[in-house]
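Following this line, the structures themselves.
Consider the two complexes below, in which subunit A is the common component and subunit B and subunit C are the respective partners.
Coming up: the complex of A and B.
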């Protein structure tokens, strides 16, 4: 069952009426553990409305315009059936991983290859987890992503149906990466709202890799909300590779919560997309934590990529590192807004933030803004932003050693992006990424 | 045939009405090492840049023949392939560009252009170790990004190391001695002397006579106001050390 959104009314009302129409049936068909916030969420969405450029946080990204398109809202579990060959180009076979394929936001077991998991580890769809582990889901679901203040999180919460779920119990190490391969498929212009929950308990260690691809030329919009809980002494590395092609827009909201002595690292690479907005919020609700937020955007065509980060230091003795880089070609646009909050009493915080951009054309645009809100007096916070072209002196140096002008440029750009990949400890993933980057840069200088 | 023949070379800066070189004549044979000395702003480094193919300079008149061919027709990388090497006065730091990968690519592109087989990784690493040893270069430097965080002396040594790896036929050293302490100066000089095997020509551009105590030149040229004002044998360096450059200027003025 799908609901085509009525474009004659304002976008908010399309969603609200779709909610009302489906509330009794399709939406209630999903799991109770994740459905309980629905009513509050749609009400909040109605109050907040879709963000416009008047809001400072959305100043450079016209998401209202992107949402105001004739999308179709799929509300039933049936989706297109895909062959393994459809997803074969994206499976990164060199990476030995617990692989789960999600088609249009729902787990497709026939395409997945989960393999043997350590005892107690759960890797499933969110809906299934809600049925089989309701107390676990209820303990964490909706606790970290803020639907009170974020309209799109409210919208996702109102329509929540399914997504990915990971549970790593205390003290358990998942050696292999957990790999979620997301594909969008089918002829319709879908408006998808997947919801993911990753719970890594005390002392557990896990690596989650997500890649996003599209098999359709239809204009799609994906409004993802992804929550992560990182327990005491736990370590979670979370990689996201966005490569959905020029017709796919998305808002990807990621909310992480850390406890004492934990390490949480996220890395987001955007290769393609129409309008892409990433919200990454980390709440460091523990002491002696380390948080790393890394991002890279390789902009081409008319891509518009907006990375909003928010580091909330609400406990003392932590450090956070943020590094976002952009290489912008053609008429692409990137936005970086990095907010760091250090609350009163959160002493001895080291927070670093850096945003560097290379613009390859005069038509590419970058808007960058740091936002520091510091209410403690014994902290070290720094931020920096640079924008420029490829260093021609470096290019000349390489050419004078026999490298072609093209190779020199590619090498310089790769060197620029490599710093963001230093966190890529999964070698096959790293070479998959660097190959993609090399091919992209190669195509620029033909 | 001379390795390098510079005739009546006039050079300005593109888009600006500035002339830096005003008729330079210089001939260098294979196997020879010439020093070019002269005060600041006399055009020494401009000459080096023009030889390497820097685009911000415009040749207004004259010619440069390398191995009988018109050097000015070649792109910087084609010059490197043809065997021209410039040791930079200010070597560029390239964060993220691995020394080993960069040099392997450079060596192999130059080898390919010369019709030689590509070096395998093993052969390349072995050659790298040998040459680093020969120059007393800390092998750890080759594991880092190109020049990143190198001291001044390390950067200059790294230039000579690249020279040794690329085996050029014409090596131009642009003030490689500037800013070096005596140990670094000696090791740079030792490196150059080891590479002075009769198969290549050297142009050593320097401010100071000191390096010429270690690298004995076949000929010294003094550059002033964009011209070679005087040439002589190695003893000219000592005269310059004692009397400075002013007397040459006076002589030139008197002759005019």
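Coming up: the complex of A and C.
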């Protein structure tokens, strides 16, 4: 069923009336607590409203304007049937992975290639997981993403239908990457709201790769919420590659929760998009944890990318690293707003944050705001931010070694981005990304 | 700890706030509340020219609208009850308002006040060569060294006098850097400003001495709304010092000053502040001054330079962002700050560097020290406009935490719209290193001495920017503040 949003009324009201019209269509059939969250969420959304530039957290990204477009809101998107050849360019065949293809936020089994999973590991759609493992979903769903203060998370929670689900039981190692290939397709201007849940239990190890692509020229908006639970001594690496093309806007909200001795790393690369906002929140709710937040934005055209991170240290004896880099060309705009919070009593925290940007053109803009909010004294926290150009001395050196000006510039930019890529522990994925970046930089100097 | 050391510390603790006393001078106070009558009363009381009243009234209407519109300034990392603008008396002046021809005519009471603050005018005259324009509850009571300045053509007067005697200069510049529409406090200040300082340095003149003004908030329940305007003509240089202390008081006092600096081509203005107002009761946070100040400098001409240096140790709440608009090509802006908060003090301070001209440079060095349950935030903005080619900025914001219950925060905003800009920002937060303490101990220093040494070292980069007279005072002040911080 689809609802065309009425553009004559306030954007908030469009969603609220769409909710009321379709009231009673509970998610996953039976689960009462999720249904209740849905009610609370729409109420909260109505109170919060769509964020405007007046809000500090949305100062540089006018999301209200982007949402105020004539979208179609599919409640349970029936993906158009795609051929394997449609998604073939995106499958990264060199990477041996458990591949799940999601079309418009729903798992498409015919395109997927899950392969053999270690015993106990669940890899399915969220809707299916809700039916087959209701207690597991209930235990974690909606626990980490905060819809009390985030209007768009509230909106997603109200309209949740489906998404990806991963469960890795205690002590299990998933050797191969779990690969979610997201594709938006169809002629309509869709407003999609997928919801993902990743649960990695105590002592388990997993790598999740997500890539986002679009097969349509229609203007789309994807409001994703993705929650991750990383149990004691567990290790989760999460890679996200955003390349949806110039017509796709999105708000991608990620909330991770860590327990004692765990490691959680996320890495986001944005290649394209219209207006892209990434909210990454990590709550380190355990001691002796390591958290890594990495990101890279390769700007082109008029894309607007806003990376908003929040690193919450609420327990002592942890360390976190954050590194975001931007290369901005054409009229692209990047925003970085990173916050490290160390709460009272969370002693012996080492938290580092760094944001570096290379601006190549006069029409590109960078707004960066690295924040520290520290309430404990026995900590070492630092942040740094730089904005500048390609180092001409470096270019000169390379030219003196016989490289052309173009090659020298590409190489310098590649070197700049490589620090973020060094976090890519999956070799085929890394070379896929590296190649993509090289081609992008090459196109800068044609 | 030895007995003598204990005694010493107890002694120090009881003198917690050195400058907390109250001078008993008859003062006239305007009725509470912000009304047109009050604005007219102030203008009349100060015998101001008509144009200034008009300007005040415009600002008043704007301020009134904003207050009636329920505007509050709540974006800073500060937790305090917003001042009730209609319960504040907006003007108080010592009764004898005459300008004095010589120091001898100044009532002894007032002179004594300054002496207790450690700034005997006579002594300063002789020893330091500092001209003091002492502001006591808003009205200038004594100005020295006028002759010497006059020779050079430097005008250093109270704002009120300047408005009467040099209306053409005041009118030209007043409100051009901080318009009354800038923010709520600037609007209120523009409507009811009591007095302040005015400095004009003519073309090519290097001001022969450091200019200094001591502000004191005196009358119970009165806010103080100074307005300072400094204009440096092409090639001029002036260094201006501002130092502040306030007597102990139970209720919160509002201080909302406006400072405007204008530097023309090749001119340089150096503005230094020591702020040590009553911080409120250290245990409960009760009382204390609300220091909500708008300070901004305009590098109007090419090659001009404006430098802000501040040492903030007092006030219950401090919110100020001395800024520089780098409009002229090759202009330079600097900001050096030490903010020390302890007890229940809160500070949200920093700067704004707006790069507009080409080849502009700015430097920001901010050191925040937080103890007890205090909160200390740095909030700064570096903005590079589209045409500001080759802008360069370096920012460093370090925070030091003395104790497990205090907070230190950093909120830098960096906005660049020009590809040739080079912006660097660095910030660190940490406590006093145990290895540093250990080193000091093994060289025979006690805990408190070691802490003083380390903190002074931490702030050195900023303190060395202060003029000599201030640097000594600043070091003393930090030492006093640190006493009792060892736990």
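One rule holds for everything that comes next: the second predicted complex is superposed on the first by the 433 of 446 C-alpha atoms of A that agree within 3 Å, B and C clash if a C-alpha of one lies under 4 Å from a C-alpha of the other, contacts with A are read in each partner's own complex, and residues count from 1 in each chain.
One rule holds for everything that comes next: a residue touches a chain if its C-beta (ideal position, glycine included) is under 8 Å from a C-beta of that chain, and two chains touch if they have at least 3 such contacts.
Predicted model, so just to flag it, every value in this text is computed and none were measured.
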| request: Applying the touch criterion given at the start, work out whether A:65 contacts subunit B, subunit C, both or neither, answering first, second, both or neither. | output: neither
| request: Figure out whether A:415 sits in contact with subunit B (first) or subunit C (second), or with both, or with neither. | output: first
| After superposition on the shared chain, which partner residues are touched by A:386: those of subunit B (first), subunit C (second), both, or neither? | second
| task | Considering only the touch criterion stated at the top, classify A:56 as touching first (subunit B), second (subunit C), both, or neither. | result | second
| said: Under the stated touch criterion, which partner chain does A:375 make contact with: subunit B (first), subunit C (second), both, or neither? | reply: second
| Per-residue touch tally on subunit A - higher for subunit B or for subunit C | C
| message | Touch test for A:364: subunit B only (first), subunit C only (second), both, or neither? | response | second
| said: Looking at A:425 after the superposition, I want to know if it touches subunit B, subunit C, both of them or none. Which is it: first, second, both, neither? | reply: neither
| task | Could you say whether A:439 touches subunit B, subunit C, both of them, or neither, answering first, second, both or neither? | result | neither
| task | Note which residues of subunit A are touching subunit C in the complex, please. | result | 56, 344-345, 347, 357, 359-362, 364-389
| Residues on subunit B engaged by subunit A in the complex (per definition of touch) | 52-55, 75-77, 79-81, 85-86, 88, 91-92, 94-97, 102-103, 105-107, 109-110, 113, 145-146, 162, 166
| remark: Listed in rising order, subunit A residues that touch subunit B in their complex are 391, 393-394, 396-405, 407-408, 411-412, 414-416, 418-419
| query | Okay, in this complex, where on subunit C does subunit A touch? | reply | 75, 77, 386, 399, 401-431
